[in-house]
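Each of the next two complexes has subunit A plus one more chain, namely subunit B in the first and subunit C in the second.
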Partner chain A sequence: MTLRAGWGQAAGKVGQSLLTLASVIVLVFLLVRLIPGDPVTTILGSETSAEAEAALRTALHLDVPPVQQFFDYIAGLLHGDLGQSAVQRGDSVSGIIAGALPTTLSIVAVGMLLSTIAGISLGLAAALSPYKAIDLTVRTIVMLLYATPTFLIGLLLTLVFSIQLGWLPAGGWAGSYPDNFPFLVLPGIALSGHLGPIIARTVRQAAIESSQQLYMEAALSRGLSKSALNFRHILPNSVLPIITLLGISFGSLLTGAIIVEAVFGLPGIGSEMTKAVARRDYPVIQGIALMSACAVIVGNLLAELIYPLVDPRARSAS
Partner chain B sequence: MSTSDNLVEVRNLGVLLAGRQVIRDVSFDIPRGGALALVGESGSGKTVTARVLTGLLSRIGGKVNSGTATFDSQDLVNANSREWRKLRGRMVALVPQASLSSLDPVMRIGGQLAETISELDPGADIRLRSLELLDQVRLPRPAALLENYPHELSGGMRQRLMIALALAGRPELIVADEPTTALDVTVQKDVLKLLGDLRKETGMSLLMIAHDLAVVGMVSESVAVMRGGELVEKGATDKVLGDPDHSYTKALLAARPELAPVGTPLAVLDRETGQLHRPELPVLLRPRQPEPIIRAEGVGMTYHNAKAPAVHPLDIDISAGAAIGIVGESGSGKSTLGRILVGAQLPTDGTVLVKGKSWQDVRANDPLRGAVQMIFQDPYGALTPWRTPRQIVAEVIARWQGLHGRATLEAAGDLLDDVGLPLQAMDRRPGGLSGGQCQRVGIARALACQPQVLVADEPTSSLDISAQAQILNLLMRLRAERNLALVIVSHDLAVIRHMTDEALVMQHGQIVERGPSSRIFSSPDNDYTRQLVSSTPTLRRTA
Partner chain C sequence: MTTATLPRPFLAQGWLRALVGTHVSRLVGIVMFGTIVAMCVLVPILSPYSPNDFVNMPFMAPSWAHPFGTDSVGRDIFVRTFAGGSVDLIAAAFTTGFAVIVGTTLGTLAGATKHRWADTILMRIVDAVIAFPLIILLLALVVAVGSDKPWGFAPAGLPAALIALMCVQWAVYARLARGQALALRNADFVVASRVAGLNPFSIVMRHITPGVSRITLAYAIGDVVLVVVILASLPFLGAGVQPPAPEWGSIMYEGRGFLRNAWWITVMPGAVLALTGLSLSFIADSLLDNRR
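Up next, the complex of A and B:
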């Protein structure tokens, strides 16, 4: 369990992630090239001039041989250049993403935070009196939430808290902090309607398992109080699986954010994606796809790197 | 309230668990400063009895439905949770069996000591007291140990730590539930000695739960034997082990291989008559066979990234009818060697030739595959849980003996009958069988391949002593009847000495001594072998 071995493990995981990233880049590059027919006519439609086609072909960088296209694409990526939008002339793809990403990340962050806090609290509350009233109530609520589609949760929240009670805005975006905060609350809650229940169920299961472990019995036999045991032993042991869960869920949270943005009219990645798909703006779709893949890879990598810091057993398992 | 000489008094105790009366009319005393060992096989009720004394009975849903149990005249049966919190740790402390799972895996040793000390010994300097406790159980480098996590300690160190945690509240009684069962014999000896020394130093009383009669003699002056929830015999340890009154105690002793002449069948208690009987063994036929079935030449195993080889290169020949023992403690490489001999694992050095052909060249459908078969340590885990013994064996018969349909099921029935599985057990799933019955199925399944060599990896170490005797008898009979070669891998010197002609003693992947079993264990040449022999708890042959 030396420090050096730990760094070696971490380096291996980073290397693996880079390999995955490389194959994602190749796939994303092929995405545009694999669309049946000519992307240019697909984008512009049949009613168009030869000049417009040629201009778009140059803009999409499709007028050079495919191999050169690939290397130019890679070279661009290394400079942070994802190409130009095919529809919004003059706008770079990276500019579009950079403009929209903070909004989406804010919702995802709020969603993750709410899911984790609510999930752990509900899960523990249920586990500490399993099969009793609290447990049954929590499990019913959690199942209901999990079964309700995100957009429906969003609409219901708007109906109650914006339209009826008038506490929070029904949608929109202030554009700067701290004015943005009120606009984040309802989207964040809506987004956690999926992850929160998963966390609650995982924590409940882990807490019940850990309360049945022999170390709980051994600690009990040493005269330690139940509440001390719950706090010091059950809580840490049942929160461990959440780290992996959050890493894996990062991708589905991004997907969920697209729907939430649509419901609340937020100017994030989701709305850019919807716009780009509607207008067949392939460079933008390509860029967003690449960015989402990166987010998923980074999320998983972070979870894998953090886990050994929290669970000592994972440190020494070679 | 009279002050009695007895710290613990249990009278006519009865316990109901899951609708069954698991303890019936059990009475015993533990004198102040004295010790009692509760001995019995699985299901005897010894652990449930310990739970009554540690207040952990309700955790498994058990309920005392008759009799009394008192600690220092205080009623334990009706104690509420507040009273139990005052008792546990301060008066009665538990040393559990499974030391790894009895420690929180994500909390440092120091933390686990600290929380216990601050609860049981408020006002004490936590660090000083922690070091003192670790020192008391003879753990080396206590200061460094505080920073370790449980999985970083060896089994023996963890068990010492469990004892240190139990001592934190300076209890008057320690309940040790099979404290050395999972440990190697050399470590077991040290831990038992520690318990004995601590009794002398602190004057505390000890209730020791054990399945092994031989262990009892090392720590306790009195013993109570339990069977099926009842206490069948109690008395001074020397008397009970040397000259028992009850037929069950006699049977437990007769089942021990070290008390029987080498290679003879072990006595088994007949459940119906209550009498001991020794099965007859057919005379061992040994046609001269110069060519060995298995010839291992320079086989060794080095795992990827490992610092040292798990098995250093060595040679073994196994001829028809031979019985070879491989002895060693955990990590000695004995199981790896066993797996290499069966061809379950290819060695990184040398080759294993089966009738002249290397395992590497033996394909899955080669009849040679069946020639060497394995018996596993965990008899239950080695069986597919949703198939009955008959189906399990029939599948193998269909594969190797070219039978079809009903004939395979009939042949499977015959084979299971031959290994002594009762008819009504043949169509039950493994979950409904005892450990000994599962092991019989495992043996029948191996026999279905018509093997010439059986490699048995700790075939009886998860079985009760009476089941062990039956399985050993079965293996001896099969060897004699079928001229089977046996390779027995075990940590148990008594089993190896009783069952084998030649033994290899392994330590750290190397053979430190090899030779005739009878000689190795009576006059060992090697220091390590000598240490193993002297650490093994044994009962002297009396008759």
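Up next, the complex of A and C:
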């Protein structure tokens, strides 16, 4: 294994991601155009004026031949131009996204942090006594949480911590830090209700697998104590898959964040998406779809690039 | 090296044993899920009220007459919950079934074919579909499909959500099936049947498909949970089943504003939804667990 091979591997992964990105761009372009019927009449409904239709057709850039539409679209993307909102004249889609993104990213960050902490603790607690009472309890809690929709967890948290106990705000946003922090707690917990169980399950599986490896037996026969075994051998091996997991879960975290925003009334991507869906503002929807798919691709790529740096075994695999 | 001790089968033999195997959790899951399905069928038939009847005062707490209480206009939440359950469960079963069949077929063919370019094209599409956060792609498709009128038995808003789900869900199964088919195409028994002169179609149908669908079907049971959760989340984002049709998500969405005074409107259907998810997870987990 040489450093050069590592770079080659990394370049291959970047290339793969760029290819996926290209497919995503084509898919977003086709999204409006592949649907049977005229998107303009679909969006506006049957009762509409000729001017409104013409205006929307221009806004969606549907008044030129399809091939030119595609090249204009690509040229716009290369300039960071995602088009204009079809409803709010003068608002650029990239401006709308840039305004909403920080809120969503802070919820995602809090959710990631909380689910990692909770997931590792629960997963290890379950794995250290597999198929016993603690394990069974943790697995049931994990499955119950996993089966509970994020919005329901959010509503229940509001019911208990805001309405009954009055500890935290039921929703809203201060607009600046550090005043935003209290508004992030319940959304963050609600969001981790989805990823936390997945992490717990993965950590448990990885910990049980690594506890059955031969090096554990070797370490045991060298006379290492139980806690040294757990910390030196089981913990690192069971935490490793989380890197990959966080990478591939980025999409579902965004999904969760969007729902959580709707429940707690936070001004993020989710609120913009809900607004755009209600107004059938297609350029905004397309822009958010493209942006979020890019975020997911980058998240996956980062996880794949970081993993070999942390786990030497993944480096020698090629 | 310690070997895991195998759990003793608690049902010695018979068809129950074949169905349940050695997993207590699978039995629990089947019983729970069966009960919920039975309630979804029986409650709307046996109940004196229909889901949209105004049966009593608004905001009545759970009681014997109304086990889940009444909502903001005095409809019975118990009847609405179980009437809504059939909407969610049938919709989820339908789209997941569609996704399994289409995804498994495409994925198996892509993995087994000797035309590698076809495989490459399909996998590019799959990668692109999977790259989107599910709910965003769904919302985009729901708006593009645009129909918000009822369609046969499907209440307003449901057809668009179903079409969107069918456009998206197959991709995961195509990827799963392709991986499995790629592994199987070089398995000894497949090579042997190729050497024996079996035609490629028969090899795919008789030898590859059974191995592939075992994996995709187990995954599908868990996926039904995901689809039910997604369907129930859509009303919060301005899509999904429109009121007054009962559906778990739309009932909870209506109750969201009354959380302070009438928690039962949201919590009761939510609890049934969570239990449904739990029971299906029990079943799916036991199918994927490698302990026999």
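Methods note: the second predicted complex is superposed on the first by the 307 of 318 C-alpha atoms of A that agree within 3 Å, B and C clash if a C-alpha of one lies under 4 Å from a C-alpha of the other, contacts with A are read in each partner's own complex, and residues count from 1 in each chain.
We take it that a contact is a pair of C-beta atoms (placed from the backbone, for glycine too) under 8 Å apart; a residue touches a chain by one contact, two chains touch by 3 or more.
If you're wondering where the values come from, they're calculated on a predicted model, not measured in any experiment.
Visitor: Mind working out whether A:L31 is in touch with subunit B, subunit C, both or neither, as first, second, both or neither?
Guide: Only subunit C; A:L31 stays clear of subunit B.
Visitor: Would you sort A:E217 into first (subunit B), second (subunit C), both or neither based on which partner it touches?
Guide: A:E217: touches subunit B and subunit C.
Visitor: After lining up the shared chain so the two structures overlap, which partner does A:Q68 touch, if you call subunit B first and subunit C second: first, second, both or neither?
Guide: neither
Visitor: Between subunit B and subunit C, whom does A:M143 touch in the aligned arrangement: first, second, both, or neither?
Guide: Only subunit C is touched by A:M143; subunit B is not.
Visitor: Between subunit B (first) and subunit C (second), which, if any, makes contact with A:A228: first, second, both or neither?
Guide: first
Visitor: Mind working out whether A:M273 is in touch with subunit B, subunit C, both or neither, as first, second, both or neither?
Guide: A:M273: touches subunit C, not subunit B.
Visitor: Is subunit A touched at more residues by subunit B or by subunit C?
Guide: After superposing on chain A, more of subunit A is contacted by C.
Visitor: Output check: A:N237 vs subunit B and subunit C. Expected answer is one of first, second, both, neither. What do you get?
Guide: Only subunit B; A:N237 stays clear of subunit C.
Visitor: Mind working out whether A:S129 is in touch with subunit B, subunit C, both or neither, as first, second, both or neither?
Guide: neither
Visitor: Quick check on the output: what are the common subunit A residues between the subunit B footprint and the subunit C footprint?
Guide: Touching subunit B in the first complex and subunit C in the second, residues 214, 217 of subunit A appear in both lists.
Visitor: Which positions of subunit A touch subunit B when the two form their complex?
Guide: Of all residues in subunit A, those touching subunit B are 1, 213-215, 217-225, 228, 232-233, 236-237, 240, 310-313, 316, 318.
Visitor: Would you tell me which residues of subunit B are touching subunit A in their complex?
Guide: Residue positions touching the partner: 54-56, 59, 85-90, 93-94, 96, 98, 101-107, 115-116, 119-120, 149, 151-152, 162, 165-166, 168-169, 305.
Visitor: In the complex, go through subunit C and note every residue touching subunit A.
Guide: 1-2, 4, 7, 124-125, 127-129, 131-137, 139-146, 225, 229, 232-233, 236-239, 249, 252, 256, 259-260, 263, 266-267, 270, 273-278, 280-282, 285
Visitor: Mind listing the subunit A positions that touch subunit C in their complex?
Guide: For this pair, the touching residues of subunit A are 19-21, 23-24, 26-27, 31-32, 35, 39, 42-43, 131, 140, 143-144, 146-152, 155-156, 158-159, 163, 212, 214, 217, 251-252, 254-255, 258-259, 262-263, 270, 273-274, 277-278, 280, 282, 285-286, 288-289, 292-293, 296-297.
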